[in-house]
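So that you can tell them apart, the chains are marked A, B, C and D in the order they are listed, and the count of residues begins at 1 in each.
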Amino acid sequence: GGTTKDDASKDNGSAAVGKADPDAETKKGLTVAFLPKQVNNPYFTTADKGGEKALDELGSTYKEVGTSSGTDTAGQVSYVNTLTQQQVDAMAVSAQDPGALCTALKQAMRNGVSVVTYDSDTNKDCRQVFVSPASAEDLGRTQVELLAKQIGGKGEIAILSAAQTATNQNTWIDVMKEELKKPAYKDIKLVKTAYGDDDAQKSFQQTQGLLQEYPNLKGIISPTTVGIKAAAQYLSGSKYKGKVKLTGLGTPNDMRAYVKNGTVQEFELWEPAKLGALAAHVAVALESGQITGKEGETFNAGDLGTMTIGADGVVSPGEPTVFDKANIDEYDF
Amino acid sequence: MTHPEPETTPVLALEGVSKSFGAVRALRDVSLRLYAGEAHALAGENGAGKSTLIKSLAGVHRPDTGTVLLDGEPVDFHSPADARDAGIAVIYQEPTLFPDLSVAENIFIGRQPRRSLGRVNHRTVKTAAAELFARLGVALDPDRPARGLSIADQQLVEIAKALSLDARVLIMDEPTAALTGSEVARLFGVVETLREQGSAVLFISHRLEEIFELCQRVTTLRDGAWIASEPLSDLDEDGLVRRMVGRDLEELYPKQQTRIGEVALSVRRLTREGVFTDVSFDVRRGEILGLAGLVGAGRSEVARAVFGVDRFDGGEVEVLGRKLSPGAPSLAMAAGLALVPEDRRAQGLVMDMSIERNIGLTGFAATSRAGLMNRRAERSRAVDWATRLQVKYARLADVVGTLSGGNQQKVVLAKWLATAPQVLIVDEPTRGIDVGTKAEVHRLLSSLAADGVAVLMISSDLPEILGMADRVLVMHEGRLTAEIPRAEATEESVMAAATGRTDRGRKAA
Amino acid sequence: MTTTVEPVRPEVAPESVAARRLMDRIFKARELAVIAVLVVMLGATQLSNSEFLSQQGIRDLMLNATILVLVAIGQAMVVITRNVDLSVGSVLGISAFAAGLHLKDGGHPIIAVLLAVGVGALFGVVNGALVSLGKVPALVVTLGTLYIVRGIDSIWVGSRQITASALPDGFVDFGSDGIGVVPYLALLTLAALVVVAYYLRNYRSGRDMYALGSNPEAARLAGVPVRARVMTAYVVCGALAGLAGALYLARFGNVDSNTGNGYELVVVSAVVVGGVAFTGGSGTVYGAALGAVLLTSINGVLPALGVSSVWVTAINGFLLLLAIAVDRVLALRVAGALRKKAAQSRSARHA
Amino acid sequence: MPDPTVKSPVLSRLGGAVRWDTSVGVLLVVLLICSFSFVENFGNALNVSFLIGNTLPIALIALPMAMLVVSGEVDLSVASTAGLSSAVMGALWNAGMAIETIIPLCVLLGVVCGLVNGLLVTRLGLPSLAVTIGTLGAYRGIAQIVLGSDSVTDFPVQYLDFGAGRFGDTFLPYAVVPFVILLAIAVVVLHATRFGRSLFAVGASEEAARFAGVRVKRLKLAMFVSTGVISALTGVFWTLHYASARYDNATGLELSVIAAVLLGGIDFDGGKGTLGGAIAGVFLLGTMQNVMSLLNVSAQSQTVATGVLLVISVLAPRIGRRISQARARGRTAAPPLTAPST
């Protein structure tokens, strides 16, 4: 723990209910812990690196802890508890489960730790601010747009998701379904949502199954980095390469080979580093008393500019980036 | 020692060997010499150290002190394989087969005949095994798996395995304990041939007449110590017993006159498909009923079915007028039945548990209340019976597997006698038990009968059946072929019925 | 030492030969049962979905099976010696990464495959040494090495991953191409299968493994070099897991620190479904391979039938139960036949 | 050279000296003392209550699991049973049922799950490892069907408090009370009743136990059912403790339980071990993880540490025995070879 932890925890003892002072001085020397869904996951590593960089610039300390499995909720809870014990100043958590972390997070807040969620949210009374990668509406809408454009606005499509319980996947899928009801997409039929559990092999076989079950399938949306990568690998080694379109959320490094060999035309993702950086700024702003997590509060987020907290304490770094053959080599994450 | 020994160098010898297991001194400064062309017997009570001596010769145990000499040269066998490669074949006291492999492969494992590229020649393996069985006069299918073989058949496979080595030294630890006369005769014929061809033979048996029949010299051990090595021509059975136990032997078959009472166990038309058919008999209080037959006649199977370990397809069993439901040993025990099974290692004892716990296993009714154990009662029950049967042990908490074969058998007896049964079934009760203790066990059975217990005694030891039974039943191929009263029971009449020549015996009811 | 027993006239009683043939047939039936289930399942799926057994479909089925089959072969060998190797998933993951790293740095594909096999064999040596030198329960030891190797893997790999773009095209194509409908990977796997099966059946050391699993104590008394055999089994198992890792890389074009996680239970299931007994000494690698094919085919069949993935886990579980239950019923039949046969041969003996 | 002495005798002789379960207990105590004195933040009541609360699910299932392993069987479906119980709890709560009705139903569910395992093992004679790998998938699959991707969190506050709360400011979670009661029952049953005696006998030699009149099948069935029930209850506890009913709750817990039980000296071949050792094993692993987290040891290194501990747990007693044997041999070999006396 840092040297300031004692006074920090004292004067923020009731951070959640305190009053925001936008002009308060930005504190230095804080310890902010990142607790991703899974350590060693390249996506989260990039995001957390972003957070680390931002914290460096802010003069605070970064640390990362977490479970090596993405579905070890109990493990995540015990990490929250440990962080509470270690009296870090703030934690940025990507929740594996919206409810399971609640008790532990509330306990953390009672002990004066500021709690930010990023990437995946918990119930909203269990954290102060949620840093959303991009708004669910944006993500759902743009992915449907991308695929519709590629398949010429008509035909059967399917979704390849991660686990059935993945909260943000489900939110995006709901938005996509709403979106598809629009008249512009009346010739597109969503035939199935398959779940690959964010496991390369399972996602792979689910893709096979989709293509066997729906021989007329024109396109697949996979709003998960593992899923899109597995689907792309299967398509690129099969007779469907280039014929069945694939889009969704993926990282440029994962997808580079498939974009170049023509399996995939376009896909998108926000920049995870920005997500992490924003989470870091939010955490420091909370600890400094500049914000409390209420709608309308504003704070300075460094390179990202001035940010405003939206409804339900959600803030997001902006629209996702679309990657294609032309721009993919400009990115490295 | 003054007894003359051959002038030549012994093929295999032990000089001053000692071996301890923790506090137990199993061998103390023992020496032994085996000469080519001579059959040497090893005699001693249960736990005298005979098996330990053999294991020291065979590279299983490493002696603490002393040397093993091969052709006069000291050797250091690191493993059984070393001994085998030096031309020593061993039949251990307990069969050690591979249940999943075919009988033929069991015999040749690790040294199968090969064909090109070092591949195993499966055909030769099979024909060679068939040839060995033919030599031993055994009708075993070389292709059948060893799983499910009776103890006797397993022992025969072990014998075939040892013979297949064509070894210079053949060591046999109680190979005949489970065999009947005809198999023993065949075995002795083969061993005799080997000996004449110049092999050295070391033979252990608790049947003294076998020792006199096969061997020329004998070494006696007592409590791990060497007592004597001498030609058998100088000894008679009593003399040998005196060497072994240090005193004269009492009557081996102390049969008491008893009052035969009501029917205690009644078996009616019992049938288990493919194993035994239509078996009916009664055992009365105070009576010892002998059940004789050749190996594989199905006697053990009947006993197991009666006790409820195996299910049966037809017929019924009554104990003291109460019908037993099939397949429930616990109910049979509650009704007053006890079974001392033939295979003590697999069926009689939990080898990894202590002596105390093994004896305690049958006594929960007496040593627990409302399910809770009474440790003191458990202990005193175990001490009582272990002492009564003269089990030789260091501590009651010792694992039963460390006892010598005969002492293990006594623990099995103790475990069942402690239940104070009304009907006692004993299957080969004295297998591997030394003469002294055998007499003890016989006296015990006899006095139990005198106390009104009904005893059904299965034994392959014909003199034992003739000496102890009030009545003899004979089985052949899963059927009862004769019922012979004590007065008429002779080796001839029983063997005739056992081999299927039923005209000599009276037809069973 | 060779035996001096001269070949003799095969004078086995005629009825026992007949009985043996019967047993043989029943025994083969155990593996035939798995094949039958497989055929029925694939046929039914084809009826309801004609795309299923298209060229692409058949190739996919074979490709899906290869990796699990490879690992199952090695596992079967270990299980036959009455041991088990739970660390295969972790070993697969770490050797796949080793191969990937080599390729990423511009290495030669063949060297990369050999590297993966070598890494796998190395962990096989560790497992084999721990199990046979310490004479300790294999389950605990390999549960330990499962954790250890997984931990080392994730420390070493960190958040790095090898993606298709880092691999030479030829290598990735090798993962999906083949001769006609038969993929290269399947050919490789088949070769491994035949070699191991032939070895286990026809070499002394192979037979030793069955003996060892059947009765370890007896094996020692019979002079079987127990440690060497256990070590061989573990090394082969590790090497095959390593090879599987390399093929995984070719097939999926992707490894990270989670590759192969949880694979041990799948492999063990495959081996059990294939009729290799956990008590050692029985079963064949062909059976294990069939078990693996059956399990992976189920995973291919269900999506092709349009069964919602919600049901897949449950159906997989029930099918596994069904497979072992059927196998058991068949085994009981064999025991029954043995009993009848014992009665017959007894009549022969005392005739 | 390989020591060819049969394994069991020596084991019993030196058993008193190097009993592994006692060593694990000692190790746990030493670890606790060191942690209390040297690890910052370890000793306060809140942390200890976290430690206990997070370890309880494993400890609960370890009770019947240890006994099951002693009897020579194993149940890998425990975590799936817990998950199924959690999913059913969530589904029924969503359907508006009272929690007082739901919990007995979950117990019943545990009985059914245990019965299925037990009947397949005892009636069909299937190996439990294979059966429970099957039901591991089946139960988890049913859980997924029952609750789908829902996550139910709105259970009544007093129950959630019971699951997560503790007595005042002490380190004792409420849930410790039922655990201690169950522990006491299990210890008595395994070590002081005829049922327990029979379990050991069955595990060491099923055939010999059957010949001694032990009702092997009934005994095993009872153990599978108890395991099912405790697993289902653990599912309920898990749901309340983490305030979340999901189909994937407790995934992978079976390996943790088995690792802990084996670490505690329960012999996987059956017939050996003590409950005290098993529970010491559970808390040793739990404490180690807690301490390592507090010391900022990464999850990956913790995995390695767990594995190393497991390997040591089986190697150490054997190496110890080997050393004392060598010493014993050295002693007896000391006197000079005596000349043959014949």
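Going forward, a contact is a pair of C-beta atoms (placed from the backbone, for glycine too) under 8 Å apart; a residue touches a chain by one contact, two chains touch by 3 or more.
Here the structure is a predicted model, which is why all the values come from computation and not from measurement.
**Student:** Counting C-beta pairs in contact, which chain pair has more, A-C or B-D?
**Tutor:** Most contacts of the two pairs: B-D.
**Student:** Measuring from the mean C-alpha position of subunit B to the mean C-alpha position of subunit C, what distance in angstrom results?
**Tutor:** Measuring from centre to centre gives 42 Å for this pair.
**Student:** Distance between subunit A and subunit D based on Cα centroids, please, to the nearest Å.
**Tutor:** 37
**Student:** Out of subunit A, which residues touch more than one other chain, so two or more?
**Tutor:** Residue numbers touching two or more other chains: 39-40, 68-69, 164.
**Student:** Multi-chain contacts only, two chains or more: what residues does subunit B have there?
**Tutor:** Touching at least two other chains: 60, 79-80.
**Student:** What are the residues of subunit C that contact at least two other chains?
**Tutor:** Subunit C, residues with two or more chain partners: 154, 217, 220, 310.
**Student:** Provide the full list of chain pairs in touch.
**Tutor:** Chain pairs that touch: A-C, A-D, B-C, B-D, C-D.
**Student:** Would you pull the subunit B residues touching subunit C in the complex into a rising list?
**Tutor:** 60, 79-82, 84-85, 90, 92, 96-101, 105, 108-114, 118-120, 122, 124, 126-128, 130-132, 134, 139-144, 148, 164, 166, 273-275, 294, 296, 476-478, 499-500
**Student:** Touching subunit C in the complex: which residues of subunit D?
**Tutor:** Counting only subunit D, the residues touching subunit C are 2, 4, 6-7, 76, 120, 124-127, 129-131, 133-142, 144-145, 148, 252, 255, 258-259, 262, 267-269, 298-311, 313-315, 318-319.
**Student:** Quick one: which bits of subunit D touch subunit A in the complex? Just the residue numbers, please.
**Tutor:** On the subunit D side, the touching residues are 40-41, 44, 46-47, 50, 54, 57, 144, 148-153, 160, 164, 238, 242-244, 246-252, 289-290, 293-294, 296, 298-300, 303.
**Student:** Spell out the residues on subunit D that touch subunit B in their complex, using ranges where they run on.
**Tutor:** Residue positions touching the partner: 1-2, 4-6, 8-13, 188, 192-195, 197-198, 200-201, 204-205, 207-215, 271-272, 328-329, 332-333, 335, 337-342.
**Student:** Spell out the part of subunit C that touches subunit B in their complex, as residue ranges.
**Tutor:** 1-8, 10-13, 16, 19-20, 202-204, 207-208, 210-211, 213-215, 217-225, 280-282, 338-343, 345-350
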